[in-house]
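Here is the structure we will look at, set down as structure tokens.
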Amino acid sequence: MSDLRIAVLGVGMMGADHVARITSRIAGARVSVVNDYLAEKAERVAATVPGCRVIGDPLDAIADSDVDAVLLATPGPTHEKQLLACLEHRKPVLCEKPLTTDVATSLEVVKREVELGHKLIQVGFMRRFDHEYAQLKALLDAGELGAPLVMHCAHRNPSVPPNFDSSMIVKDSLVHEVDVTRFLFGEEIASVQIICPAANSVAPRGLQDPQIAIFRTQSGKHVDVEVFVTTGVAYEVRTEVVGERGSAMIGLDVGLVRRSFPGTWGGQITPSFKERFGQAYDTEVQRWVDAVRSGANVDGPTAWDGYAAAAVCEAGVQSLESGAPVAVELATRIGS
Amino acid sequence: MSDLRIAVLGVGMMGADHVARITSRIAGARVSVVNDYLAEKAERVAATVPGCRVIGDPLDAIADSDVDAVLLATPGPTHEKQLLACLEHRKPVLCEKPLTTDVATSLEVVKREVELGHKLIQVGFMRRFDHEYAQLKALLDAGELGAPLVMHCAHRNPSVPPNFDSSMIVKDSLVHEVDVTRFLFGEEIASVQIICPAANSVAPRGLQDPQIAIFRTQSGKHVDVEVFVTTGVAYEVRTEVVGERGSAMIGLDVGLVRRSFPGTWGGQITPSFKERFGQAYDTEVQRWVDAVRSGANVDGPTAWDGYAAAAVCEAGVQSLESGAPVAVELATRIGS
Amino acid sequence: MSDLRIAVLGVGMMGADHVARITSRIAGARVSVVNDYLAEKAERVAATVPGCRVIGDPLDAIADSDVDAVLLATPGPTHEKQLLACLEHRKPVLCEKPLTTDVATSLEVVKREVELGHKLIQVGFMRRFDHEYAQLKALLDAGELGAPLVMHCAHRNPSVPPNFDSSMIVKDSLVHEVDVTRFLFGEEIASVQIICPAANSVAPRGLQDPQIAIFRTQSGKHVDVEVFVTTGVAYEVRTEVVGERGSAMIGLDVGLVRRSFPGTWGGQITPSFKERFGQAYDTEVQRWVDAVRSGANVDGPTAWDGYAAAAVCEAGVQSLESGAPVAVELATRIGS
Amino acid sequence: MSDLRIAVLGVGMMGADHVARITSRIAGARVSVVNDYLAEKAERVAATVPGCRVIGDPLDAIADSDVDAVLLATPGPTHEKQLLACLEHRKPVLCEKPLTTDVATSLEVVKREVELGHKLIQVGFMRRFDHEYAQLKALLDAGELGAPLVMHCAHRNPSVPPNFDSSMIVKDSLVHEVDVTRFLFGEEIASVQIICPAANSVAPRGLQDPQIAIFRTQSGKHVDVEVFVTTGVAYEVRTEVVGERGSAMIGLDVGLVRRSFPGTWGGQITPSFKERFGQAYDTEVQRWVDAVRSGANVDGPTAWDGYAAAAVCEAGVQSLESGAPVAVELATRIGS
């Protein structure tokens, strides 16, 4: 099966990151086309990908016969038109948030896709793919916390760009907790309230930061979210779900921590080497593949490392029998 | 640039895992050939990979013109011959531990590679590619712990296969800490002692488990390792380095924890969304690519999810102005 | 200086606990008088304390010449009268919450004490004396978090008595966070809102549990409190303060954890053996004193334990010189 | 029952600390006599305790009729003589470690006490009274870890006094782990080995620091101890016991953490307010007693604090009914 050919539209920070991701870490796909309203930027990015072309008009890029699917990382106001073009051409599209910039056009896009009769649009709420959120979701779905009642979230950024305004805290930051709520609880949000505490004195003048959002879901679940985007500390995203049979928290940099009957707190130990070192194996092999393709051949432990380990283990087996310390005899080091 | 064509030799648990990894998670490579001394197993694995052939003789597989590089996951006793064949054919090889099963042949392999004049062999000590070990190594190399003096390790498996004997605890388990010591400290191990405490009564009869290994490095650093392979608990791999200016521990399922002057303990918060959610982005895009290639097109948040988020955010912006709760108005749900 | 003679009024669970505390763990004080509206209960408690009498009328107990100070653990509705009697007799009083059961009489008590010209009344908000709250207060007062902006609290009980109703969640449980807010922030609460999520289905019928309280302080700081008194899990009291220069959380059973620039999380290591084992020394000496007074003389390590430790250390010093294992020679065990 | 009258012999740092402890935190005891070879120091300490005398000769102090029991905090070389005097006068004695400074005299003291026919001597291994060690002991005794097999300890001091030499690391520091081993495992240590790694370059010249001690108990259990007394960090005392059914660790500043089947790690949540705030109640009452005795009467929340809490709760109950924010109306502040 040949690789999926993807057009990446918009190669600002987010889009360029996706180009690098598809090229160097994703199996079964390659970037065949890039597009950006800054032509020069598109050229620069395309030059980093073997066999990748620039197409100057986004709608032409979508229509191109060398494109199987589209990744949309353009500014929000252009999404509606581009999504409709993807639907028209029956091309699957992964669209970075927002779907569109207002409710009416978002609903219009949904309707067109439904009329078409099969799904083509995926929205880039990436937290659903995060290991900790997936664990929390699995815990809830398995009923291990009982019925969820309350959720507490904190969403903290060290800083924001100069143009960030108070409503962007809602639309660009809080929107993630909107999706987290809908994802974890599997129901819609019925009402929302934003509380504005006295603002951080070191935030840009005029920015209402922090903000406290209160959601009430259709079945009456309570969610509160502290969004604080000028903390100066680091990127902190925390979510705690409190259910009828216990609670669980993620985002404290210590994995998922549960609190449950009979009065214990704690987490899961990685059950086997696959979970513990699976990512290490992936990294090892990817870096080795990259090294071989580049001609370096080795990017990791060498034959000498294998020899030295053998020498120590042989001494170890001797000591296992005698109980006494055994000196390790190594040849003079050869090679680099 | 075309994909690297890899022959995977040995498709037991480890090798089959590598075949799946290269096929579904690694960019720029594909498995072109598999080999196993059980022909049927090789056929079964090859059938899962588009364009992959079985070659019955491992040396033929190495020599094949459709093979750029070799991944060796065969039993240890066959390594020497296969490694030498890789060297002869100038093919890069990633060799699962051990390099070979004894010190003399290991040194022989090293010498042949040195004579050849450039490196082709990498050994599969994958811990060097683990995020936590990489962090610990970086901390040491930056001098943040001062000169390291002592290292404490625990290496615990819930259970081992029936044939596992006392010397395999040294050669198959402890060998990882041998490499960790050499990797983190950058020097050779000068002597090794194995202490045998009273054995676990629920371990298989005759198995000396746990074992305590004591390493002394060339410069006099002390390392102790508890290897305990029948704990019944989970897979636990812990490493603590104690230096002249503080200590750091990994493997407690809470990330790297440092202890340093002036009397504080703690870890690093993920600095930005790239570190926090980079893996989530990779998973999102890989799963989307897989969904598109399979014809499902979407494997994640749908257009409706994008619409619902827009509706909540619009209500949120209204509440930001009024301070009062605002009801979220959603259209009747359409589509699935 | 002779011991302070205390009358304990009300010897239900709380009062009886205070009697035991003063008798067996507090230096410089003794319970000279107890009182309860159940005479039999008062007699039973008095019998456990050498030299303690029962006085049947609480106002007589307050007035008694054998009473220097009063500890009030009677039901709330009786507090007003008893506090005014303490003021009249110029007797210092430690009053379990509430001061009185309504705002008007509370203010009346405050006024009478002010007229009197010196303070006699202390209210039993004991969290101010908790090590973690004291640490958090010290952190705030030292300015280490910058100006505090937001506080998140959780107050969870596994269960409540049968008669507990929705307003008692406010008056008996939430009242602690009211005091915590005033204590930590040093300002009054300007407004309060109680949000009622869908109730816990396993809570007693009619009990609105959990409740979410929102406080706004006079300077605009935001506080939210989850009060959930039928969790079935354990007693969980958590408080997080978010300031302009970082945040700190207590109550996760891992001590105070700070998050601050430049992106680190963690706590304080106990600086010396005094902090680490100070409580152990207190317990050691109190238990030894109790043992000697009871005639047992020893409640802890014996002379044999001292001898055995000496033997091991002597062997250790020999090994320090030789490096080799040294056998420990012990005499045949004598004594019990 | 009258207070136990204690003679404290030796009022250096340790002894003076005990005098303050008995006077201000221990119920049922008082210091009636102090003694020190520095007469002036004894006078200074005695002056802080009402009714306390100095007696210049330690044996006279032991014999004095105003002394019921003795606390020995004198230098080790004087212990033998003083302990024998205590035995002769049938006076219970709490003796700071060491019992005596060598094995032979320690055994002599044990024998004399046995001949006497009842126990009078307790040795000051205070870790047995520490909450975490007590928890760990209880866990072991309940069989929750299965049979213990291995113990890992770390004992780290930030620094030591100038005269501290290599053998004192064994006799003054490691001795605590000697007792911890005997206490937790309930058996004697059969052999001991001290391993000397390359020394900390910032330790005083000639001091072998760190040291690694290896104990083997009579039944073959393995214990290793890192003693490192010039870390520059803080006071760190860690103990991990590995048993046939799981492991438990204390001393990471996060309470006791267990690892057990089926692959979970974690701790205990404080089950009720008694465990969570018991210490706070003790502190509250002790500080109130001290305040009343000093004439200050109040050392904590005042009547105003009680009034303000009542006002907030009353507003809270109103909001519980209406759901809307309710302003808190406070009288003008009166009093200080």
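Just so it is clear, A, B, C and D label the chains in written order, and each chain counts residues from 1 on its own.
Here is the rule we go by: a residue touches a chain if its C-beta (ideal position, glycine included) is under 8 Å from a C-beta of that chain, and two chains touch if they have at least 3 such contacts.
Bear in mind that the values here come from a model prediction, so they are computed numbers and not experimental data.
The interface holding more C-beta pairs in contact, when A-D is weighed against A-B, is A-B.
For subunit B, the chain with the farthest CA centroid is C. A straight line joining the Cα centres of subunit B and subunit D is 44 Å long. Between subunit A and subunit B the centroid-to-centroid distance comes to 21 Å (mean Cα coordinates, whole Å). With centres set at the average Cα position, the gap from subunit A to subunit D is 48 Å. Of all residues in subunit C, those touching 2 or more other chains are 158, 195, 214, 216, 233-234, 236, 253, 259, 263, 265, 267-271, listed in ascending order.
Contacts from subunit B toward subunit C in the complex involve residues 257-259, 263-271. The residues of subunit C lying in touch with subunit A in their complex are 147, 149-150, 152, 154, 158, 195, 197-198, 200-202, 210, 212, 214, 216, 219-222, 224, 226, 228, 231-234, 236, 242, 244-247, 252-253, 259-263, 265.
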